[in-house]
Amino acid sequence: MAKGKIIIDREKCKGCSLCVSVCPKQCIAVSTGLNDKGYYPAEFSQGENGDCCNACTLCALTCPDIAIEVYRG
Amino acid sequence: MAKGKIIIDREKCKGCSLCVSVCPKQCIAVSTGLNDKGYYPAEFSQGENGDCCNACTLCALTCPDIAIEVYRG
Amino acid sequence: MTNKMIFAGFGGQGVLLMGYLTALTAMRQGKNVTYLPSYGAEVRGGTANCTVVISDDEIASPVASSPDYVVVMNNPSLVRFANMVAPGGILLINSSLVHSEIKRDDITVVPVPINELAHELGEDRSANVVMVGALAEATGVLSIEALKEALAETGLGKKPKVLELNRRALDIGAENARQALAKEKSA
Amino acid sequence: MTNKMIFAGFGGQGVLLMGYLTALTAMRQGKNVTYLPSYGAEVRGGTANCTVVISDDEIASPVASSPDYVVVMNNPSLVRFANMVAPGGILLINSSLVHSEIKRDDITVVPVPINELAHELGEDRSANVVMVGALAEATGVLSIEALKEALAETGLGKKPKVLELNRRALDIGAENARQALAKEKSA
Amino acid sequence: MAKQLMRGSHVLGEAAVRAGCRYYFGYPITPQNEVPEYMSSRMLQVGGTFVQAESELASINMVIGAAMAGARVMTSSSSPGISLMQEGISYLAGLELPAVIVNVVRGGPGLGNIAPAQSDYFQATRGGGHGDYRTIVLAPDSCQELCDLTFKAFDLADKYRNPVLIMGDGMMGQMMEPVEFPEPIDPASLPAKDWTLSGAKGRPSRVILSLLLNPKVLEDHNFKLVRKYDAVTREETDWEEYLLDDARQVVVAYGTAARIAKGAIKRVRQMGLKVGLLRPKTLWPFPEKPLKDLTRVVRQLLVFEMSAGQMVEDVKMAVEGQAQVHFYGRPGGVIPTPDEVAHQISHYYYQAGLMEGDKPSKRHGGVA
Amino acid sequence: MAKQLMRGSHVLGEAAVRAGCRYYFGYPITPQNEVPEYMSSRMLQVGGTFVQAESELASINMVIGAAMAGARVMTSSSSPGISLMQEGISYLAGLELPAVIVNVVRGGPGLGNIAPAQSDYFQATRGGGHGDYRTIVLAPDSCQELCDLTFKAFDLADKYRNPVLIMGDGMMGQMMEPVEFPEPIDPASLPAKDWTLSGAKGRPSRVILSLLLNPKVLEDHNFKLVRKYDAVTREETDWEEYLLDDARQVVVAYGTAARIAKGAIKRVRQMGLKVGLLRPKTLWPFPEKPLKDLTRVVRQLLVFEMSAGQMVEDVKMAVEGQAQVHFYGRPGGVIPTPDEVAHQISHYYYQAGLMEGDKPSKRHGGVA
Amino acid sequence: MKKIFEAPKSLKPNLFHYCPGCGHSIIHRLVAEVIDELGIQERTIGVPPAGCAVLAYNYFDVDTGEAPHGRALAVATGLKRVLKDHVIFTYQGDGDIAAIGTAESIHAANRGEKITAIFVNNGTYGMTGGQMAPTTLPGMGSTTTPGGRDVARDGAPLDLTKMMAEAKGSVYLERVSVATPKGIRKAKKAIKKAFQVQLDGLGFALVEVLSPCPTNWKMDPVAAYEWTDKEMTKIFPVGVIKDITGYDKD
Amino acid sequence: MKKIFEAPKSLKPNLFHYCPGCGHSIIHRLVAEVIDELGIQERTIGVPPAGCAVLAYNYFDVDTGEAPHGRALAVATGLKRVLKDHVIFTYQGDGDIAAIGTAESIHAANRGEKITAIFVNNGTYGMTGGQMAPTTLPGMGSTTTPGGRDVARDGAPLDLTKMMAEAKGSVYLERVSVATPKGIRKAKKAIKKAFQVQLDGLGFALVEVLSPCPTNWKMDPVAAYEWTDKEMTKIFPVGVIKDITGYDKD
């Protein structure tokens, strides 16, 4: 099972992709739909095995818009 | 005989005494009378043997008010 | 004869260029023109709009409090500008993005799905030019021919290929406006 | 009754202090006073002067275009101020340094060799106080007693010894002015 | 040359270059960033000099230096930046140096905003700096006039050896209109100046200074400046008259506000109101005389400014109580519409009973 | 307290300290160096803060900071230094911060000289900075009044949350007169301010700003300021009337010039001329109404300034053509004598036939 | 699951107005985190600049006072002299602190004002649309340097922080970058230390933060971050520039 | 006998208005001698400051233009940009160049303006009567630092020249003193070199000259010179601070 997970606030996200670029587990991707502000927000996926995220917080640390919350457990 | 001599322009001199302080031969002294501007100007004397000045120009080099001309020969 | 119009939309929608092309074309046709962009705040983000006035006479104010024509490219612009259209005026809306109902019946509303049309044309970025074509057709202030000529003077017509594409965009816009107006009348 | 006076001389002659002592004394005697120094240029050098006005009424202008009394401590001041003395006024000159002839006969000229007097007193720096004593005597605007009292409030009277010395300087100045006036009258 | 559709800031830059300006010193500030941006590349093309200074303070002092060297030189900024230049402008005036300074006015005070405003009128016309001096202040109301007045600004600056201010606002700077530019002037062809710093070769050394320690000498200098300002007032006062012939009410407005006022006047004329416009093109010298003359026939003036009321003082001073002076102002960067100005016009018009058929109103001593 | 014989600059400093000012930021400039010098040692005694800033620009911005923190704070300078503060003063006004700024005016423009002058009147009363704002301007004419108005300056600044300018000149600064100081105020006893930056403890965080990007919001702010300025005009306009009761000619002068004018009036009164003085103590708000009221009986005004003519505009504006307005000015730092002013007074007096026995002069429409 | 990363309390819940990927946003968060951790929210006063961060008061939940462009450190001096027990920080762009504000910056440092300065170096005038900044790199584009900054024509980048090291009153000066997660962690540490210096009354502290401006650099955010990390650090190497705090090395 | 020392031609025959023993007078002469020796009198333009040297145009027989206090290097920038083949020098006091003019000074150096700056450091505001200057030494008296400059209260002396060394466009910076005959000779050499740098178009050059102000130091001239030589040089050591001219070492 996953050690961690993240929640991305779709409406806070500005689609800068920085989280995507720093995630060591490649579990974030840019979505194909626009949010209300007109950005393509990032989306989290636990990966095929549902255990992608290790809660390293790198994504949240990097996210300029504080759109990511990280959970461990 | 003297190797050099200086001429101090009494009216240009502001009596700062710097020339007096730098002359290696001690051949400059402050006069006792005021000039027109109200300063006690420096005065040159060749010394007792008339050979005080060696034309080293230190006095002129130092004189802020360009009151000193130096002659050699 | 004086015509005032406002173009409004997102920053990235080429709104200012629409106004510029319109004003330039009118100038080349010997009209007096003014073009007034709303300039972005010192602070990032937000919407863009511009006002164009075309006239046979000297133009007094470059500001339009009740424009004859309004082009809205997105929803926020509709909210802000729809009520300003002068009675008897024309409101062109980008029906690809703007969905609200317009509640005025004293003006003509011309919906043009410019994003789709541009996409069909094969160049998403030509959406604004499609809209200018529609505007020309719907209002008659400018001829499509004049617009086609003026294109070359702008960034929209520097390369022959792009020029050709944008000329077609004008035609498509005009054509579509014709249809929309016909529908409006028949409705 | 309003009296205006100017004190003038070299920067180093204690000119401003003379004016200050005079004004202070008058104030302590319940008079209205103003004291106005000419303040040095942003550029070095030059002369100093100050204007003191003493009055029973409110003082309008602290400036004196025709002062009743003028004290000149050096030659340049004589040149500049001698002609300003109001007709009937008094010109006190420091005869130790000022040698020019005064060509006016509508004023009283009181020469006081203050440098010599101060030197005799044993304190060259008291020359200005000697002159204030002379001024008081010659003009009558202030009493020597009042001056003596006020001295203590200034830098001239901080130490008892200096105070005593300056009190004597006042007396000497007054005495000398009396003599000079007597001579003037008899002349 | 064919007409060009060009934004005000670029028109200004282009006109300056064509007027022989080869030196521009400036610092970014909205809403005039397009001026330095344009100059940075245009100067490169014409072999001129563009320096982005470290501040407006540095800019204006670089202007002083270039002007001392005899060059046609310009700087531009917007309100807060112009405030920082006040010491330098006072020096320019005191040193009698020609220079062109552009203020693209924004909302104030303080940081305010970047919307078009006219609230720096006092600063411009009264001298925001210290001392008895005046700057010539030009207020264009269209891109073509912006071009023409920029040429004129350089000429006036050289003619009178005085700083000249061009007052615009964000709207003037951003607005595009067709412009026909005059042929460019070769800076080398301009009349030589005989007072510049150029090295003491074959002549005694020169000094350009404003320090005059002797009050009498400084007073003479001040009176010399006063005579100069009198000459400028006599020779250079400039204004536009619009539909004045039959006017019963005259609107006084300049720059962007005048444009809006014209729109308003067109509207009220359609309603039969006889309203005209007097538009100062020189804010200093202010067209006092034409205004005073107007009061012989016109009893009502409406001053319209995009400010809380500044030029209105000049108008009051000019008319000396011989006409009612009303004021309508929108400060803070609000761009009033012709409609609302038309509303103000008719309000006062009807109030004073100026309508056709009404008797000509009595002379009103008071000023509202 | 016994009277003290003290020079103006020290009076100013002492009065400020007694008024509860514990923060002084300044930069040397003649003729006001005695102010920072006095403050540097006086602040040490009272546990206040004296900072010699790196420039006037830094000074005024330190003033902004201290004012935000709620302190009574002061800076002083002379003309060129005040020009450098114009951006900051505009911010103070926009941010609605109380502060006292002293301008010991010297001859200008440019470096000028250090002699007493009144040529910064425009800058002070019209706002040399950008935007629609006003500073309250106080003009003392004696050391005692310098003391009293300094107290008042701090009170007005706090009351209206607005910068207050004290205008002096080199003569005011250097002159010594007897002064009686009020008892010192303990800064801690001053009314608390509920708008300062003090840390968001037990309340929401606060911001003091002048950036109002929305023009409508900035406009509201501007109108709020206008209402404040109206209140100041209503409540605080202050002036002295001197021998006005039977006056046929009234001299208008302030500060040092008013002192000289009084001397002149004493002289001409001895010759039987009925001349009085109206002395504005607040330059802004300007005593318009008393001047206007005067014109009901007085037909001739003589404005006397140590400048090339600045306040004269306010006088003209006030009287609206209802009196002749003559002007006599000596710019550049020349200190006119009472005699020469008396000469001017009598010149105009005789010219208009105001002498006893002459018929009261006709109303003159024109303004000389 | 336990939430292990969330927004700091000293930030208001407003969405940043900054562009996507703007470094200002990250730096805001770091400053707020430090304020939280030091427990000084109730006695902290911020002085934002004119610059993209002009609206910083919309985000920092502390008292803030606006400074004219470039004068933040003078305004902060005034504040700190009155509020000696409060924590005053300025937040300034490179144009603000190192061009128009050069004198105020250097002299505040030299006087040793007990202030913490956050200096956001993004190599451009962000707010006014990308003109050359004092810190624009050689060859780097801007709207006022046709063809990129030409050192011979436009001068070279200015290293204000190094200059400040010469100012006797500066106690702690460090340059960091927010272009990588590691950099972000270091940046926070530096910012915390710079506040600590003030709490300990040691003198002037400044943290210069290399910060991407994707918009004016005309790069996508990821490229901008890489460029910051690779190119900017060549001219502006990260690291401690001055440290006389006497704190134990960590 | 042959005259071997006389006044330089580039000085007018006016008597200096400076106080007895003022360093300005010596520095004026040195600058004039250098102008003579380089034969550039006819194409040299001086920019004097507000400061005791405000009347320098009464002495230098070259074209001169007045600058507002602190802005000499900005004014000089304007001049030099127009008169590229002319020689522009500023002559500024410590208050002028290192307090109010800090920004203009540093940025002119950083842009590498081809200007020669003579920076007269006399540790005081001479012209305005002896207030604290940025260069006033710790403990040294001034009219605005009761009890002498207290570093904790008033900040420490500022070494602008060293800061300027960080500015990329500065090419040659040297500190000299005119407090001894040897120092005077060295000072002249440095001034000459600083002009040569401009003639060779290399960039910004500045000579800082330690200069006695007997009046405000309240010392007699001889004591003031000694103090300059012994005390000032402790805080402001003489010597080359930066030299990338590539000239042969001499």
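Order as written gives the chain letters A, B, C, D, E, F, G and H; numbering starts at 1 within each chain.
Assume contacts are C-beta pairs under 8 Å (C-beta built on N, C-alpha and C of every residue); 3 or more make two chains touch, one makes a residue touch a chain.
Note that the coordinates shown come from a computational prediction; the quantities given were computed from them, not determined experimentally.
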Farthest chain (mean CA position) relative to chain A: D
Leader among chain pairs (count of C-beta contacts): E-F
Centre-of-Cα separation between chain E and chain D, whole angstrom: 56
Chain centre separation (chain D, chain G; CA means) in Å: 64
Chain C and chain D, separation of their C-alpha mean positions in angstrom: 88
Length of the line joining the C-alpha centres of chain G and chain H, rounded to whole Å: 34
Contacts with 2+ other chains: residues of chain H: 18-19, 50, 54-55, 66, 68, 99-100, 102-103, 107, 111, 127-128, 134, 154
Multi-chain contact residues (two or more partners), chain C: 41-43
Residue numbers of chain F (touch at least two other chains): 30, 54-55, 57, 80, 87, 91, 95, 110-111, 113-114, 209-211, 213, 335
Complex contacts: residues of chain E adjacent to chain F: 57, 79-80, 82-84, 86-87, 90-91, 93-95, 105, 107-115, 117, 119-120, 122-123, 126-133, 209-223, 225-226, 307-310, 313, 316-317, 320-322, 330-335, 367
Interface residues, chain H side, partner chain G - complex: 99-103, 106-107, 110-112, 134, 151-152, 154-159, 162-163, 166-169
Chain D-facing residues of chain F, complex: 3, 5, 30-31, 113-114, 170-171, 174-178, 259-260, 262-266, 335, 337-340
Interface residues, chain G side, partner chain A - complex: 1-7, 11, 15-16, 18-26, 29, 180-181, 184-185, 214, 220-222, 225
Residue ranges of chain F in contact with chain G within the complex: 23, 25, 49, 51, 53-55, 57-59, 61-71, 73, 87-88, 91, 95, 197-202, 205-211
